[in-house]
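In the two complexes below, chain A is the common chain; its partner is chain B in one and chain C in the other.
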Partner chain A sequence: MTTRPTDETSSIYDLGYRSYEGVRLGRRYAVLALYRESLRAAFGLGRSTAAKIAPAILIGIALFPALIQLILGAILPIGEIELVRHDDYYSGIKFVMALYVGVVAPDIVGRDQRTRSLTLYFTRAITRYDYALGKLAAMTTAMLAITLVPQLLLFVGNALATDQFGDFIRENWDELPPIFGSALLGSWLIAAIGTLIAAQTPQRAFATVGIIVAFILPIPIAAILVEQIDAGWADYAVYLSPLDLVDGLTYWLFGTAPPASDSLIALTDFSTATFAGVAVVVALAASALLVRRYIRVQA
Partner chain B sequence: MIGVIVGVTLRQVGRQRRMLVLLVLALVPVLISILYRFTADNSSERDAIEFASGMLATFVVPIVLPLAALLVGTSALGQDIEEGTIAYLLAKPLARWKVVVAKMLSAWLLTYLVTLVAVLGSGLIVLTGHEGISLVPAFVVACAAGALAYVAIFIALSLRFSRALIIGLGYVFVWEAIISQFIAGVRFLSIRAYTVGIADALTDVDAEILTRSLDVTPAIVLLVLLVALGGWYATRAVTRFQISERV
Partner chain C sequence: MPVFATNGLSKHYPSVRALDELTLAIEPGIVGLVGANGAGKSTLIKLLLGLIQPTEGDATVLGFDIRTQGLQLRQYVGYMPEHDCLPPEMNATEFVAHMAQISGLPAAASRERASEALRHAGLFEARYRSIAGYSTGMKQRAKLAQALVHDPKLVFLDEPTNGLDPAGRDDMLDLIRRTGHEMGITIVMATHLLGEIERTCDQLIVIDAGRLLHQGSVADFTAATETLEVEVTGDATLLAARLTAAGIDATVEGQRIFVRPEGGHDEAGMFDLIRDGVVDLGLGLVRVQQRRHTLEDLFRIDSSDAADGTSDA
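Let's look at the complex of A and B:
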């Protein structure tokens, strides 16, 4: 046995640590803060100019067709003009959507793994479910900037073009539910797949390449299988491509038929409702896998 | 000495997981071609030529080739810079342009290898026994030229920017894929258009998808210019590279 040190040689120093006496804002506040900060990171807010450039350019490209229509509609007094339509807007900005989620998703989910700050999050009031779902919600909201915003601009543009702004809104208000529905469902699907891939690696470049390839590669694969291979089963390949799913569900929600000439969806003879169904299933599966990933990840 | 650097780089990049991913990517057109061959055995000559030219000109050249060049090209020298091993390379008594040539050569070899799998696999499977078989050698040659050009600019990019991969992706999927659809003049500044243009000149098959591209003379001139420019910039950047304690 060692002898106990005497009082003269040892003492406990008061290091001045203090306990926190302020208000504890709790789990709900923590999740909202996570959501808010993730959303800001998506647009590069509160970060260097370099981080703002890529999202800003891509949002600009995505809004461009709608803006042109808005401006032309406001200036030219020729009544209805239709450069772009609601139901095929997303098929026109397919590549932009893939690039956008490829640039933004690694910023939203990869950063915390790269800086090894996941541990810090999970020691707070936030649970792993909260973290995964908060990040997914932030990415989905960030997607709305290139899905919902251009569609609404287009709607306003069409209204301006008719001179009777109020009448147009009264007559065409029934376009608003499909606008919101397609934007929300499409954004959720793209965000879920994007964040799921980005959550697999802390390396930003790999995540970006992986996401872009996952969205763009299935487009020509589906197109070749559907157009060139005669067997009926090859048509199901169209469901492999998430961006074609977004296309299909948009046609379904707007209740229009895809153009028979150049649309892959028209070639398959599948009802457009099935695209919405597959989209929901895929989005749910991707969200579940994302949650599972964060429940298992080492932190 | 160039040979040694080529050997080291081939091992360094070739053993990484990204090569495996790229080979899987190159096998996708091959698999689709096998499916096509089995399902459409009573197809006409015209169909087979259309399918093969479509596969080569809209899948292999615009996706497999640039992605392979991007992943390999940005890591051939970029990885040395990132990990600091470039100090050992540049400290050798060796002209810096030789380093660039060696790195370009090895990146080109790996890129071309991946692309060749896709070209030969899909082309031969679909066209063996058909008239349009001359598409295959045409694309074998054209992809060699295209791979060199892509590798040259991606190596140059990786020396200038730390986010070369993202910038290269932007070039491939925004400039060549999106903007070229709206502005016809973009084909004069698009390696994809050069590659398809060269392939078009080398084959007697007249598929619509090929003839839309650039003429062969401007394609070759611009491609050579681009390779020279990429090589010159990379040499300049490597010559001015400061070997210092960068951690």
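Let's look at the complex of A and C:
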């Protein structure tokens, strides 16, 4: 359709500037908006396709074992199958979790330092505390995509594998509190450490490498110390590894024992409850340091 | 009521007095904040945004106390930093709308306001393009839009024409003038370019080494003085000598003579003396006009005063 040239009665209307008379929702709303936008950034939403690829692939890998179980359960109702169990799901995807937080955390916290938009946040209706905690909450939530989601898929998969879906849910609902508990506490721990490291540098590559090293390197170090050194003190090295803490707290919440054959946790005589305790302490400390970092950072 | 007022406002760091005993009151309008690098401009802006606590003194901005009501006041204040601060991978509409939400505006209103602010800043056509593809001028406009998106009552602009070519600078200054006058938003514009202040601002704050050198209206300052500026061709000293002989204070600067009326000479008599002198000496008269102050004068005088003051202390 073409626009007909109009005669001299046509004119350009200058709408003028209109001021805003509506509500201003203040700090709480502003922090929620920050949280929402950070979460979108974590998955590359509203960004280029390239930004979506890495998180999507890693989520795919983390969900893979649970999906297999779900699909098998749905098409072959052969009674209970247990390819993977709830309590050692995380130990199977350790490296995926490290890579995921290494990819996502620099997007959530490092980006504003890199683009120097941090100044714009701090000159608005939020405080530096709000910013740090909003970002931590976003990273924790992003972690749930590879912790809580596969656990829930696994639960549904197990239910589908039995003939009576409803009966399974009724009989096994008590698995839900440890599913949620381990996912939330584990996600918080990993997110707090990941964002703390990412917040130290605007350089994305450094942050990613730093995070992956911080999660992966303690695993062999703890293993060597615990397995090779026959002294009581060496066993404490197991607490150095955040991902082993996640394993330990998960066994504790599910009330199961770690497999004696291939678990570092089983090699130590420590109660699995101590892993949950150390995890809470480390997560709290990392969260506090993250807040401190943002109170001091130049912006 | 003043838009903001400070009383003995000071900010001391262990090694430096970034701001010292600043007392001023600013009325609505466009305010130029002038000072050399490190004079304390940024410290003053940070204090007025409630981002840092003063060592001494107090201040209110839009009626809010900067010590205790930083969050509330920042809902009504905009800030455009000097440095680049835009995420290149986002488009301008998304980013500006997001910033509106961080200022507390609801999501739907934020999108509406983002379009409004980008239209005002002259980026309406490019508003859905990724910021990565923006020119320096477009980025400055987007930065201005994010500072205006939540309809603030007061906006701080830090070196808004930084990095712009002459045409871009003219556009930006025009935009600032319109923002201040048509939208009724008080603007504090930090700059070290005095020409920009003369063209854009109606009030002026001059700080140097953390101290207030001058505060007042630009018009008052650049108002005509009593001094006459006489420009001639030929030897200006001859005319000056003749005027001095007639009891008139005349100083020569190149081809120009600055004539201050003193004693029994009225203005008309002085013009006659100048005319007769020029004719008798065979000089060419280029112009006779009342001299105006320029902001450069203020800086020259006050900086030398301040330098004297510090060396005395």
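As a working rule, the second predicted complex is superposed on the first by the 277 of 299 C-alpha atoms of A that agree within 3 Å, B and C clash if a C-alpha of one lies under 4 Å from a C-alpha of the other, contacts with A are read in each partner's own complex, and residues count from 1 in each chain.
Heads up, the rule we're going with is that a residue touches a chain if its C-beta (ideal position, glycine included) is under 8 Å from a C-beta of that chain, and two chains touch if they have at least 3 such contacts.
Everything quoted here is computed from the prediction, not taken from an experiment.
Chemist: Once both complexes are superposed via chain A, do chain B and chain C end up clashing or fitting?
Modeler: The answer is fit.
Chemist: Considering only the touch criterion stated at the top, classify A:R293 as touching first (chain B), second (chain C), both, or neither.
Modeler: Touch partners of A:R293: none, neither chain B nor chain C.
Chemist: Looking at the overlay, does A:Y121 come into contact with chain B only (first), chain C only (second), both, or neither?
Modeler: It touches chain C, and chain B stays clear.
Chemist: What's your read, chain B or chain C touching more residues of chain A?
Modeler: Between chain B and chain C, C touches the greater number of residues in chain A.
Chemist: Would you check which partner chain A:F95 touches, where first means chain B only, second means chain C only, and both and neither mean what they say?
Modeler: Touch partner of A:F95: chain B, not chain C.
Chemist: Figure out whether A:I221 sits in contact with chain B (first) or chain C (second), or with both, or with neither.
Modeler: First partner only, chain B.
Chemist: Between chain B (first) and chain C (second), which, if any, makes contact with A:D230: first, second, both or neither?
Modeler: First partner only, chain B.
Chemist: Between chain B (first) and chain C (second), which does A:A54 come into contact with in this model arrangement: first, second, both, or neither?
Modeler: A:A54 contacts chain B only, not chain C.
Chemist: Can you report the least C-alpha distance between chain B and chain C in the superposed arrangement, rounded to whole Å?
Modeler: 13
Chemist: Hey, which residues of chain B end up touching chain A in the complex?
Modeler: Touch residues, chain B against chain A: 25, 28, 32, 35-36, 39-40, 51, 54-55, 58-59, 63, 67, 70-71, 163, 165-166, 169-170, 173-174, 177-178.
Chemist: Going by the contact rule at the top, pick out the chain C residues touching chain A in the complex.
Modeler: 49, 51, 71, 74-75, 77, 79, 81, 83-90, 94, 98-99, 101-107, 109, 113, 116, 120, 146, 150-151, 182-184
Chemist: So in the complex, the part of chain A that touches chain C is made up of which residues?
Modeler: 16-20, 22-27, 29-30, 33-34, 37, 46-48, 51, 111-112, 115-117, 119-127
Chemist: Along chain A, where are the residues that touch chain B in the complex?
Modeler: 54, 61, 95-96, 98-99, 102-103, 205, 208-209, 212-213, 216-217, 220-221, 224-225, 228-231, 234
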